[in-house]
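The first chain written gets the first letter, and so on, giving A, B and C; residue counts start at 1 in each chain.
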Amino acid sequence: MNFTQINALALIELLGVLAFAFTGIIEARKKGMDIIGVYTVSMITAFGGGTLRDMMIGQYPLYWVQHSAYALMLLGFSIAATPLPAKFYQNPKVTKIFVILDALGLGLFSTAGASIAHHAGCDFYISALMGVVTGVFGGIMRDIICNEIPNVFRRNELYATCAALGSMVFLMCLYTGLNELPATLIGLTFTAVLRLVSVKYRVKLPI
Amino acid sequence: MNFTQINALALIELLGVLAFAFTGIIEARKKGMDIIGVYTVSMITAFGGGTLRDMMIGQYPLYWVQHSAYALMLLGFSIAATPLPAKFYQNPKVTKIFVILDALGLGLFSTAGASIAHHAGCDFYISALMGVVTGVFGGIMRDIICNEIPNVFRRNELYATCAALGSMVFLMCLYTGLNELPATLIGLTFTAVLRLVSVKYRVKLPI
Amino acid sequence: MNFTQINALALIELLGVLAFAFTGIIEARKKGMDIIGVYTVSMITAFGGGTLRDMMIGQYPLYWVQHSAYALMLLGFSIAATPLPAKFYQNPKVTKIFVILDALGLGLFSTAGASIAHHAGCDFYISALMGVVTGVFGGIMRDIICNEIPNVFRRNELYATCAALGSMVFLMCLYTGLNELPATLIGLTFTAVLRLVSVKYRVKLPI
């Protein structure tokens, strides 16, 4: 890997974490929570999926426990995002940027989750499943805490499906001998593009 | 153990997993979830209790993570069960068979859970508690995700009580020197019969 | 440490566990749950926070799994509390005592949680966060199971804030070379007093 590529992935990870955290902040604010609630929901949305994955495969220490910078950053982000007026969140341009960041985050979280499970010895199917868990369970936990039926389970545009297929594309790349970085970029791009196409054309699962 | 007995337990386990998964599918369908939601809820209902138990006693790798066949089977099962008309689920014969399978599953999950905790070094009371967790927490998680107060906590026919008493019967058999298999069969039968009797005669807890 | 001090902490822990369990019993009863539900919710309220912390830092065996006396005690407590009339819970004197016990429990759980994370190698911020998790996540899980938006996230009197600041005071005491016991007593007292002051004067977070 060269430094530009690694930095590109780190940047996508950062943007993905922020996008995920942001959906948590919006949801928590809608429910009238205070800053404690907003921060907790943003942390759970951003790190809940990866935490559940690591607990299920017994991988310790957890990433955010070992690297506290992310937890501190989300605290600052939660405080900063709080005084923003409701109008800001409804601005179509903000919504659009946010959907793109979320799609990139979904792609990176899913492929990274599949990769970690793969290297921990899980087989193809379980690794793909762990990719989906990493990508979507933060949002599921957010919705449960906010007392909603998880959004990802409603018949909306494709979301978990993108994570599942993207994880599988990533794993197939690995299985056919590709290196980690190109495989990640392919899986990530596949997931994000599929997500954005499905949002644009309102593609839904038939069942 | 002879092969017939082991195969009988494996068959009960399979039927129990399917029965548990089936309750998840029905609940998820009632809430209008798509196939992603249906599959997730069926997985959580079937494996949530055992996963929580193993996370609480630090037992890794998780069973379904190591044996991906079950996760794949439930995917096929979720897809297959989806086009079935609502009438099918309301058919009294289907309901009856399903209550019997669920009682068998509850019996096997509870005794197996108590057994795993016992062999991991837990004492009598905690092992029995882990039996209950294994038997009933999948259903509790199902109800939380579907945004309901868990069914098992309502004043209905005995359910967790059967798991608790069945686990204790199983553990007492072990403590008095019985082998794993006969103890399992006794605990399982006790749980399932108590459950079916309580359904038939609408037995409820006094408090 | 001398015995009187250790016994004082053990007594506070006992009272804290009982106070936390009691909030679970009240909430579960309000929702019409039977004794199984009441017991489960009381266990989760009392031990959910510490269990989540230990799962996140990979600390096994869990405290209540190794020491089954607490789990058994809560069973007796759940059964004993059940026939109490609703009037008892609404008695202002009972409410007042209960708020004090809960504040002491919050103080002890938070500092103890921060201490365990600190000794497991977590840095200052993550240790403080684990203190908060230990102090407040039992209540969050109680509210999720009872199908409510967690009380701690609503704009009420300070609660998680007390746990956060108390954990930090405790950790700063440790960092400046104080021993475990005086640091615990200072952190605990700080948390409990802040909580009680905020209840008395209805102090809320500005955001």
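General remarks:
Following the convention adopted for this analysis, a contact is a pair of C-beta atoms (placed from the backbone, for glycine too) under 8 Å apart; a residue touches a chain by one contact, two chains touch by 3 or more.
It should be emphasised that the depicted structure is a prediction, and the values quoted were computed from it without experimental measurement.
Between chain B and chain C, two chains of identical sequence, the interface residue sets overlap only in part, with shared numbers making up under half of the total.
The copies chain A and chain C differ by a rotation of 120 degrees on their C-alpha atoms, rounded to the nearest 5.
Look at where the CA atoms of chain B average out and do the same for chain C: the two points lie 31 Å apart. Shared interface positions of chain C, i.e. residues touching 2 or more other chains, are given as 55, 58, 144, 147.
Per the touch definition, chain A reaches chain C in the complex via residues 28, 31-37, 40-41, 51, 55, 58, 60-62, 64-65, 68, 71-72, 79, 82-83, 144-147.
Within the complex formed with chain A, the residues of chain C that make contact are 55-58, 121-126, 129, 140, 144, 147-150, 152-155, 159-161, 204-205, 207.
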